[in-house]
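Got a structure for you, questions after.
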Amino acid sequence: MKKQKKKNEFLYFTLRNRKLQIGLSIILFFLGLAIFAPVLARNEPFAYVNLRGAQPPSSEYWFGTTFFGQDVFAQFVLGLRATFLVGAIGGGLGTLIGVLVGFTAGYRGGIVDELLNMLTNIVLVIPTLAVLLIIAAYLEVRSIFTECIFIGLTAWPWAARAIRAQTFSLRTRDFVDLAKMSGMKPLKIIFTEIAPNMMSYLVMTFILQFGGAILNAATLDFIGLGPTNAVSLGLMMQYAVLWGSLLLGHWWWFIPPGAAITAIVGALYVMNVGLDEVFNPKLREM
Amino acid sequence: MRKLFVTALSIIMLASLILSGCATPTAETIIQTVEVEKKVVETQLVKETQVVKETQIVKETQIVEATAMPIVETFPRNETLYVSGAAWGPASTWNPFQPGSLANTTGTIGFVYEFLFAYDPMTGQMTSWLADSGTWTNDTTFDVTLREGLTWSDGQPLTAEDVKFTFELGQKYAALWFAPVWNYLTGVTVVDDTHLTFAFADPLYQEWENNLYNIPIVPQHLWEGRSEEEITSGANEQPVGSGAYLYMSNAEDRNIWMRNETWWGISVFGKPAPKYIVDIRTSSNNVALGMVIKGELDLSNNFLPGVAELANKGYVNTYFAQPPYMLSANTAVLFLNTTKKPMDDAAFRRALAFAIDVPSIVNVAYAQLVKAASPTGLLPSLSKFDNQDVLASLGYNFDTEKAKQMLADAGYVDVDADGFVEAPDGSKIELQVTCPNGWSDWMAAIDIIATSSQAAGINIQAATPDYGAWNTELQGGTFDMTLNNWASMSNTPWTLYNLLFRHPIQEQMQSGNFGRYDNQEMFDLVDALAKVQMTDEAGMMDACSKIQELMLTDMPMIPLWYNGLWSQYSSSTWTNWPSENSTNPTLPTTWSGYWQLGGLMTLINLKLVTP
Amino acid sequence: MSLQVDNLRVYYQTLRGDVKALDGATFTLADGEIMGLAGESGCGKTTLGHSLIRLALPMRFIEGRVTLDGEELPIWDTEKMNDFRFKKISIIPQYAMNAMNPTRKIGRMTAELLGSRKVDFKDILPELKRRLDLVKLSHDVLDMYPIELSGGMKQRMVMVLSTLLDPSLLIADEITSALDVSSQKAVAEMLVEFRNRKCCNSAIVITHDISILYQIADSIMVMYAGQLAEKASTETIIHAPRHPYTKLLISSLPEVGVKYTERRLTGIPGNPPLLLDPPVGCRFRERCPIAFEKCIEIPPFVEIEPGHFIACWKEAGTHAQA
Amino acid sequence: MQRYFSRKLIIYALTFFLAVTIDWMIPRFMPGDPIRNMLTRVSVSSNPSAIQMMYDYYTHLFGLDLPLWQQYLNFWNSLLHGDIGISTYLFPTPVTDVLWRAVPYDIFLLVPAILLSWYAGNKFGAFAARSKWLDNTISPLGYILTATPYMWLGILLAWFFGIVWGIFPIAGAYSFNMQPHLSWAFIGSIFHHWFLPFASLFLVGFGGWAIGMRNMIIYELEADYSHYLEALGAPRKLIRQYAFRNGILPQITGLALQLGVIVAGALVTEVVFSYPGIGYLLLAAIQNQDYFLIQGCFLFIIIGVLLSNFIIDIVYVLVDPRTRRGMTGESA
């Protein structure tokens, strides 16, 4: 009964929170575009459809065409797919590793914790992008998938740090002690006692990792170390700059991809704060 | 000590600035109105001379070791030429024997170090430079007469000994790029200060004459004490040469040259108009293009997509006022890996040549900035060596239907009805066409190659590995088909054919014949061409015709289009740029290796805009 | 008469409606009186204590009147209350362990706090030192950060700090619950000492621990479900309670000295009502062994003997009728 | 405190060791041959045997013909002697020379951008936390800024201010018509070129710090000590002041954690504005497959980040009394 109430209250706050409403609707809007990209895009992203080259947005080409006469809107919606894919896989992998490392460290404690914590702190100091750049630079063929993997593999440390701290505090709570004393198996304790209390943390970590992965991917793409055979928002910006869109005034080529990334990542951050307010009643008043 | 000097100088300059009581305007204000510009320039001129004087005083009284190069606070616009497009990285070497890295300090060869001869691709003539004349006295002896009164910029005379010394460096050090000349060069003899003789055994005339305007002559008195490492790979940070400009200074994104007022060539060719040349490295097209439009950059040799549009509107000037706008610089060739199926089949290769939509590459990928190549691959400047009969019977053009027919005739049929043909033995054909990632014009081009080939039924996909990976595939021969344009503008068709049919076939093909086309007949033809005297045009034509006939029959690689000699300029400060309307047009380029192809003459012909 | 509270109602705002945590409290506190405030968790005793000094969201003032030394406290107005806080009414919070800014030296923090109240730190320093002696703290603590003090030390420091301006009323909220038994006793005794030395005039001691009250309180007030149940002298509450809830509360303790902290009262069947929608009438009705029809109406809190107040129809029947 | 520092130092030493090892490993275990790439740029008119000789010569010069373990030891050895090789892309310039030329620009760009954005962001965030109204108007701006990809902001600034309005240059570190010298004009030119890259780094950082501080303050205002002060009638001003001071502490730690992200931002910003710092250099090194320069850039970045971390640690100790008093306030 009590649990039920708690759940309802959580849901209630979730739905009522303005920040979550705004954030979620932005994400859903872009996700919708990404999902229905094949329907929405009337042209192949790289097909040279407009023989007049770059043209501003029109009813035929909603976001105009590129220097080569490619449909910017088609590239945009398909690029969104890459963005969400990178966020989901890269961010998901980062969270997963972070959780495994952070949780093991926090829960086991002792020497395991010392070692894992040291590892985390070491990797934390090394600038992720520098490593990513170098790895990407030496990969012969890069797909969106490998990009996701490498972003995930380098993004976990701060997630691990946060999860570890949270596990630490949960581990010493009464209800866990109680469960231990009652002879519950560690795994069961983890799943029945600790995991539910960590959910809020996990969700928030994932959201931040999601956003971080998107930004990292955009940076890699822009520098020319993105996927060698795909379309993404970062690549669009790279091409736009390479092909002189700033000077030629082809603003429709470089504004949409950046704006979409900003909107998506911004929405994720806003959602994160919204969730924080939901999970942490003290903050609700502001 | 140098630091101290700079600091002292800075303080003096600051003091003089404060005394003169005016702030130096930035570049932007100079460009805005002409009247303002003039005024500004006058004050600056005064200031500059003042500063230079003070510099000299300081030098005389305190510092002996300091270089004579003055520090110019702000370059006067009417004495300075701003160029870009040659450098792709910060300056790192001024060693004239490192041609690859010299792009970053374009002018090291051409401005500082000079050659015996120059070559004018516009007229197809070798012109004398350091050498007054060069003649084959017999088949194996080449006599050179130097001009009188040649000097190095440090005042020492430039003599036949310097020339001999330079050539003999190649004999001593195999790592120097021109070392192979000693395969057929047997000795250099100095007759007197201005005369010397080269003796040969079985000379490669074509290569030799190419070398005459590519081997930079260095001063013996400064180089003879150097170690092998210094000569082959030293940075030579304070280059002393004989040429029209002196190296002044460099920063991460620029190199600065100052006119050599005592250059021997002033009396021969005239004085190059700009006193200073600032060579700017721009990483971004936007920057270069923007600067040209604003008149901040006088000449840009960057590849600037979209420049056609701006040229049409009159924002920038180009060599041609209409397509292709640019002169042609080199040939983009599609190398086919003849060791792989089905590229080992000449019939397939010829069909492919008809399947590729070159017009789209020209019009879409390059927005008309390039020209479709002659099937022989030779640049327009060498078009006199195109055999028109061979072209008429064996040439190719974009024709999807014909390509389909040729494939069918050769047994390539779509067996499994997937829209793509299978090889005569029934195996599937899945090929990749590659170029380095980020080379955006080529990336667009290979997309078109892939798409148009698919339309003809050949399953080709575009792929863009990184430069390193691409290069490994290229030289290791593991690619299917790939683009390459490494034969530079030359005085002889041999340069191109030497790249295309480089032999013998080795494990690593580093400088040509990447598709490993192994045909002794062809190799013999190219070797024969190498040994034709440059003066024997009929002989050259004959050799070229044979090469072209075999090449177009076997089609081991497909020349597609000419990459342009990218060049766009502003006439706001300097004028009299070469164009199709010039009486004696020269190459409007700053690329390294092109100064001796007329680039320097372009500077000499420039005139200041009279306001 | 130091404190007089009339019909004070303070609710908690929640999304599902008001939680009637304090529903009509009327009582007085004599000069120099230390009154214990006891009851189960969630009975409203903390709400009562806090509402007197810092009525902050989500607490909502409904009605009532609080008079301290003849002056009405504007407890509904956060700004106006500032004039009274610290000087007239003060609190030793439950979270005394974390009550001090961790990044300020205690002395400096005190000085800044006093300064913000227009009191000169230098003038009060001698008195501060005397009081530190009183609670057996070295004067050095002023030059320390809170983290350098033990729990007991922090508790005592906060005690000194809260009473520094000799407030008329001191609210001590669970001041002993975080301490070990020996410290508990010492702190409790110090509180009495403070009162004796007039560091504060009167005090309300909110606690779970009736044994502490037994040692230091002059009187005890018992609350149940947001309402007052009984108030009388300590002796009376411990030995002769009249309200059925008080009786059960006292009898359920195995012996004086054992906390009934978070445990449910096993001796009393049922649970306390939810204050979101409390039953009408006497809120103890459903668990009361002696409930009868009359209990459907709210029993008034009446004085049945001098200083002995009770809210129960049965026990105070005659008085209530009158 | 000693424990705090020794712990930190061990972490940094290990990080350095690991970074150097990664640094050494990555190029060696990845495909691509730097010497061959360098040689392809050499004139093609030379014959294969000459190229092979040049290849052997350079391979030997760079020590790539040794066994791997030997290369690794040599790497450490020369590293400790301050020698991290010769750039192949900028042959024959030593990598350290190339890097030292770039470092001043990075310092000049990054230090003000980091410190000012941190300072202004914190101030602004604290300001936003003052009231619901301010929060609702200011915070969205912060979210937008912090979510903006660095290069996109750079592109927008370059487009607006550099091309549309033409009031700022978009390439280089100082005007192309000048040589470095000490004058107001030259200093002006330096700042003129510095402004846009600085602004893009500043703005993105600013948004992040403002949001962070706003959240911190709200946490701190709900802390027990804030409630106690309120109960004792302390004015809002004092409470805010404490909240700000305490909220700053995690922001300092945050600064250390954000350094990696800022470095990444600087890298792309330098690319967008052709600003000759290490980021710009690293990209060129990657595009030219210059082993040694890539290693050098990475190493310099690591050293820079470690140094900054250490400085931040020291500052943290100075600011947070808990670490100073022998307590490990903030665990390593």
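Chains: A, B, C and D, in written order; residue numbering restarts at 1 for each.
Simple rule for what comes next: contacts are C-beta pairs under 8 Å (C-beta built on N, C-alpha and C of every residue); 3 or more make two chains touch, one makes a residue touch a chain.
Nothing here was measured: the structure is a model prediction, and the numbers come from that model.
If you compare C-D with A-D, the chain pair joined by more contacting C-beta pairs is A-D.
Using the average of C-alpha coordinates as each chain's centre, C ends up farthest from chain A.
Among the chains, the centre nearest to the mean of all shown protein C-alpha atoms is found for D. Centre-to-centre spacing of chain C and chain D amounts to 55 Å, using the average Cα coordinate of each chain.
Each chain gets a centre from the mean of its Cα atoms; for chain A and chain B, those two points are 46 Å apart. Averaged C-alpha coordinates put the centre of chain A at 22 Å from the centre of chain D. Shown for chain B are the residues in touch with two or more other chains, namely 284, 286, 290, 438, 466, 468-469.
In chain A, the residues touching two or more other chains are 137-140, 224, 241, 246-247.
Multi-chain contact residues, meaning those touching two or more other chains, occur in chain D at positions 31-32, 158, 162-163, 271-272, 287, 289.
Within the complex formed with chain B, the chain A residues making contact are 46, 48, 51, 53-54, 67-69, 137-141, 224, 228-229, 239, 241-244, 246-248. Chain contact summary for the complex, chain D toward chain A: residues 11-12, 14-15, 18-19, 22, 26-27, 30-32, 129, 132, 135, 140, 143-144, 146-153, 155-156, 158-159, 162-163, 211, 215, 218-219, 222, 257, 259-261, 263-264, 267-268, 271-272, 282-283, 286-287, 289, 294, 297-298, 301-302, 305-306, 309, 332. The touching residues of chain D, when paired with chain B in their complex, are 31-34, 36-54, 57, 61, 87, 89-93, 98, 101-102, 105, 158, 162-163, 166-167, 169-173, 175-186, 188-189, 192, 271-272, 274, 276, 280, 284, 287-289. Contact residues on chain B toward chain A in their complex (touch as defined above): 284-286, 289-290, 293, 304-306, 309-310, 360, 364-365, 367, 437-438, 440, 444, 447-448, 463-466, 468-469. Looking at the complex, you find that chain A touches chain D at residues 118, 121-122, 124-131, 133-135, 137-140, 158, 211, 215-216, 218-219, 222-225, 234, 237, 240-241, 246-247, 249, 251, 254-255, 257-259, 261-270, 273, 276, 282-283, 286.
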